[in-house]
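Okay, so chain A shows up in both of these, paired with chain B first and chain C after.
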Partner chain A sequence: MTAATISPKPGGLKRLVERYPFLPALLIALVLLALNGFYQPRSVSFIGLTGLVKTYLALMLLAVAQTYVVYAGDIDLSVGAIVSLVNVVIVVMMEKMGGSGFSVVAALCVGLLTGLACGIVNGMVVAALRLQAIVATFATSIFFTGLALYVMPVAGTPAPAAFWRTYGGRFFEIPFVFYAAVVLALVLYLLARTRLSTQLLAVGDDAQAAFQSGLPVTAIRIKGYALCGVFAALAAFCITGDTASGDPLVGGKMTLFSVAAVVLGGSALSGGFGTVVGSIIGALIIGLINSLVFFVGTPSEWQNLVQGLAILVALMAGVLVGRRARA
Partner chain B sequence: MTATTQTPSAPTPSPVLTFLKRPLVVALILIAALLLLGEALSPGFASGQQILRLLIVAALLGIVAAGQNLVILGGREGIDLSVGGVISLSAIIAGNVMNGADSAILPAVIVCMAAGALIGLFNGLGVTLLRIPPLVMTLGMLGVLQGLLVVVRNGIPSGLAAPGLSRFVTQPLLLGLPGIIWLWVAIGLLMAFMLTRTVYGHRIYAIGSNEQAAHMAGVPVRRMRVSLFMLSGVFASITGICLIGYSGSSFANVGEQYMLASIIAVVFGGTPLSGGKGGYTGTMAGAVLLVILQGILTTVHIDESGRQMVFGATLLLLMLFYGRGRAMRG
Partner chain C sequence: MSKIELRGVSKAYGATLALRRGDLSIDAGEVHVLIGSNGSGKSTLCKVLAGSVRPDGGEILIDGKPVTITGPRSARDHGIGIFYQELSLAGHRTVAENICLPDLPATAAGFVDRAALETRAARYIALFDTVSGDGFSADTTVENLRADQRQLVEIMKALATEAPVLIFDEPTSALDRAQVDRFFEILRDLKKQGRSIIFISHRMDEIFAIGDRVTVIRDGETVGTEKISDTNPAAVIRMMVGGQDELAAASSAPPAVAASGRPIALALNGLSGKNFANVSFEVAKGEILGFGGLHGQGQSAVLRAIFGVNPVASGEIMLNGTPFQARNPRDAIRRGCAYVSGDRGRDGVISGRPILENVTPIHYLRQKLKLASPSALAERVKPALEALHTKFGGLSHPINSLSGGNQQKIVIARWLIDRPDVLLLDDPTKGIDLSAKADLFSLIRKLAAEGMGIVLYSSEDAELLNNADRILVFNGGQVRRELTGADRTRYNLYQAAYEAA
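And then the complex of A and B:
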């Protein structure tokens, strides 16, 4: 900055949003939280918030998964199918191995590997074979759904008690999901400091420039998809802990919500700009909208419509505010 | 192109190869191959009657894909994820307005197309005035429409197709072909004429390949884009109306399966998602290709799981035949 570039100093608020793009989303989330508390005081109690986190931790993780692909300007429409696949794989494995503590740990490891493998497949198809991400990951989602149906043709196999009791349980009076959230925060913090996050953003910002400055663009995009698969597997663990059973179609509806959460969080679908924190808040916004619509006393048949409208409005607001901040 | 544009350093590929690489030709060859495969797997698959049935299903997909095609051609990451919601909504509205009476077909068509155009208008305004990315805007709209469907379905019965509409979709009308096929052919001719011979069509390609340049050249970019989304809504509503004629009555989320299928039909037709090039003739072939593939998979006796895996893998394989992204160059 030289004296020649004296320009009206950007307002403090604008600079703040520039530095923390998720601030608008946080504001929306806080307003929604306050409204939730106004209409149903118990919803902001400790138990109420535990329930919210327990139900929406899966979507938060899936939104995080989607974020890493969106960083690089890609998209993954198969995340829901990966969730379904990992869900049935771990439930079947835990059941086959007798449901002991060891079987749970073994199944979770296999689940993580399954997610990783799915992510790598997506990455190969999109980045190495250079197919268009939207249609290619839709095709892989059909494939993954087929695999899930092969592993478990009909929904209903219960997960062993050792698993969901832990997920829904408490340790030292603190619910397990909060420990999970803390560990997640730590992992995300560390990931944000790795080179991969920066590289993904660089590729999303301008793939050609990234390539010309020597970055292995294809490998980076594959890594983004792989990371996405791993977080989708983690999301599947949470779903399994929450529903305590296997369902080969459980994640299908979550794909589009994960994209919505990323946008709500202020990330740009065109890539190169975004934060995982924003996506987590985006997932929370969806959860808070859903519960608020319920608490306000909307007639049941109107709830979906009101939720849909509220999410559309929030999406628009997210895009507009995000752009204002970057402009 | 004239011979002078050929540089000696880059040998031009043989005309045969160029011809074979055209998306439409690729799609037609694949269609023929799949028909042969289907006939080999289950004799009678490629019989006239069966092909006619597949063509009716392809017409349902092809009509909604026309709108999708236009939105994608218009570029700027154009895509319409709300078509599935429009189809479901229009099927249920059409069923209730008709309620089994031939005299009510015209009002039903008008109401549905108006609804489709209105939804498209909202999509288009969101994309142009508020500059929301099309994927986000139409995704949000899809959520709204799904909610609207719940409200509508709780309030009114699922509706009944008029016999005249069912005949139009399923029974032979002219030269042994049902009305819907003729409608599809007409739409195909209109689209081809519009895209190649009219100012409007040229402007679609113009905004799709370089919006800035089109704007400089005086193309009303925003109004164009809004109109493309409106057309997409209208085409989706037509598919919705025909769908209730095909199935007799509407059921929950009939349109859902058309959302990504319409996009894949466009891609299989040789229109890349980046827009600006391609056309509708290819998309028609793409729709037929997709429907034949699904037809084969339902005829062969394999589990649902195997069917899905084969379907997904085949889609990926087929995508390799079409335009892949350019490799990075230093």
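And then the complex of A and C:
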């Protein structure tokens, strides 16, 4: 559908898509946004968009997390489990410490460290022990889920009001999540300029070549997983802010959505090529599809089917636009 | 005292001994040429020095002190930089990023220092300013560059290490004349600065243009070192050939057949395509035509073009006197052309499937079989397998249960059920054991005797000398020389292969 809107201009367009590989995704997101507005005008209002960002900020962060490992040609199927683990760890800690402002900050620090530790474990298993990334992180995901169930066997412990009121609240008439989005953009901008980003992409391009160039390939891959763990923890904070409770299985189904978001955003799963901006747009696309399916008035028993079809169509459109632009 | 000295370095990959005893001594301020035939161990020796391959034995001395090189990073710390023959570039990164990749300049805060990176890269890009060609700039992504431009980036990357010892493993294979000249000027400058340069090339003229000394490696052993000014190309080739000359030729080679009078099975007339140009030859029925020369000089490309794998740009192919232009391998097979590749994993074996299925695909295609009973097929398959002395447990066993040599026999047996008119062999004995090789070649000669036209490309010179009636020597995608009768000697083969392209 969107492929037809671009006339194949050789040269300029090719350069543009090569430089900004997320352009096809952006186009799809805009089309979806317009469709959302057509079926439910209120969804593109300020409040509607705030709700969208509030709900899908977690998936955006998780897609960013996934992007850093995909850069290096790896994959992390445990990101969802890390989200669950961090979610229950911070909720339990806040509850034990009484839910004061200090307890929230302390719990968030512990949450970040938990994510970091999970990432390092993944990195060690995949890069140092050289196990297959798909299988190894699948195994660690079960392990992390087990830990989460040990920390909180049953879902439902509420998060303290101080935490979710902040996440859902406003400062100077601007919702908190927009501040969070701006800080995220700044952090991503800085991260893209670190040596690690370039090194991860070089490893993804050709690990053997990177090794022969003298790059510490194993250390770089472990750092990629560690970064992924940290961003998964940040995603967990957003989930906790959104749902206001602890649930040891909350992140499970997000894992493959994060992979889909990365691919929708124009990154190559084989590594070496991609952008975090693309992954964020990819997460938005998934969010917009979900809300569109709802706004169109799909009967509830058909929602999953339509949602799946729509994601397939979006993937195809992205591939078609990208291929035509690069041909 | 030598800048770098290697003593008795050895390296084995599994059962294959890549380097038996590598000795090398490099002075400061010299260009030291390393030469040897395919698979003689030059690249392995260089990789040991560059840290990307760990040696099994031997010692390395830098400035007289023994050192252990644990990896590419440690090699850099010891002042060794390398140009890799297979290149070590990141395709999606820019030229500038690739040049600086081993040591990205960083600001105090830990971010990539873009300004420093671009200044540093610009210095090396400027060296080749006049010859780098269109579309070459610091911010081009490497995957958009031509082969020669990529090679220039790898050269710049090696130069950017500013290492006192620089290794160049076939740096000129894709470069044009002007680029090579510019590169040699730079090498001479480096020499004046007292840097040591190890240079590998297969072009004799380059070696004599740039080298100070030459070390010859044969079968994984250092044969000797000569001053370039004291030697000549013929003497170097004789060192590379060693005493094997008498051994190989004449005695076991088949008699040169007079091709005249026999019908022509396959004829090429001015065939050109990617990686080869203007190739013409005729193969008579019952003749074995050999393709010789160094790796990757167009031999495989020609065979794959005949078989319809790669497109043909111009020229014509005649099979049994009728024009033959295969659209794809399927078409080629239908019309009686067979192709066996040494790369079994890619081109031959149907991995994980039973032997029976691996022997019969050609039979299915040529007989247009829709349904077949396994027992009837087994009857047809048996004689083909027996002809090759194939050892296997049962036809239903997976092909992966066999050794490399027996797998290759299965692949060849495919073509024996419905005989083709022309058999194209693309380095068919790669990685298979000696007895399987002997079986293969006795079968190939038998097939020729029965009237099949055979083209044999082999990277092992002995196989060519022992089996081919005529040998076409390839260099730079073209046939440089035809060796017939008593001319089929190792010396002539090397000389033609190493001539300037």
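The criterion applied here is as follows: the second predicted complex is superposed on the first by the 308 of 327 C-alpha atoms of A that agree within 3 Å, B and C clash if a C-alpha of one lies under 4 Å from a C-alpha of the other, contacts with A are read in each partner's own complex, and residues count from 1 in each chain.
Simple rule for what comes next: contacts are C-beta pairs under 8 Å (C-beta built on N, C-alpha and C of every residue); 3 or more make two chains touch, one makes a residue touch a chain.
Keep in mind that what you see is a predicted model, and the values were worked out from it rather than measured.
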Clash or fit (per the criteria above) of chain B with chain C on chain A: clash
Which of chain B and chain C A:149 touches, first, second, both or neither: first
Touched chain A residues, chain B compared with chain C: B
Chain B versus chain C as contact partner of A:307, first or second or both or neither: first
First (chain B), second (chain C), both or neither touched by A:186: neither
Which of chain B and chain C A:128 touches, first, second, both or neither: neither
Which superposed partner A:209 touches (first chain B, second chain C, both, neither): second
First (chain B), second (chain C), both or neither touched by A:109: neither
Touched partner set for A:315, first chain B, second chain C, both or neither: first
Those residues of chain A which chain B touches in one complex and chain C touches in the other: 208, 211-212
Contact footprint of chain B on chain A as seen in their complex: 75, 77, 125, 129-132, 134-136, 138-150, 153, 207-208, 211-212, 217-218, 256, 259-260, 263, 269-270, 301-309, 311-312, 315-316, 319-320, 323
Contact set on chain A toward chain C in their complex: 18, 190, 193-195, 198-199, 201-202, 205-206, 208-216, 272-273
Sites on chain B touched by chain A in the complex: 77, 79, 81, 126, 130-133, 135-137, 139-148, 150-151, 154-155, 260, 263-264, 267, 272-273, 303-313, 315-316, 319-320, 324-330
Chain A partner contacts - residues on chain C that touch it in the complex: 50, 52, 71-73, 75-76, 82, 84, 87-93, 97, 101-104, 106, 110-112, 114, 141, 157
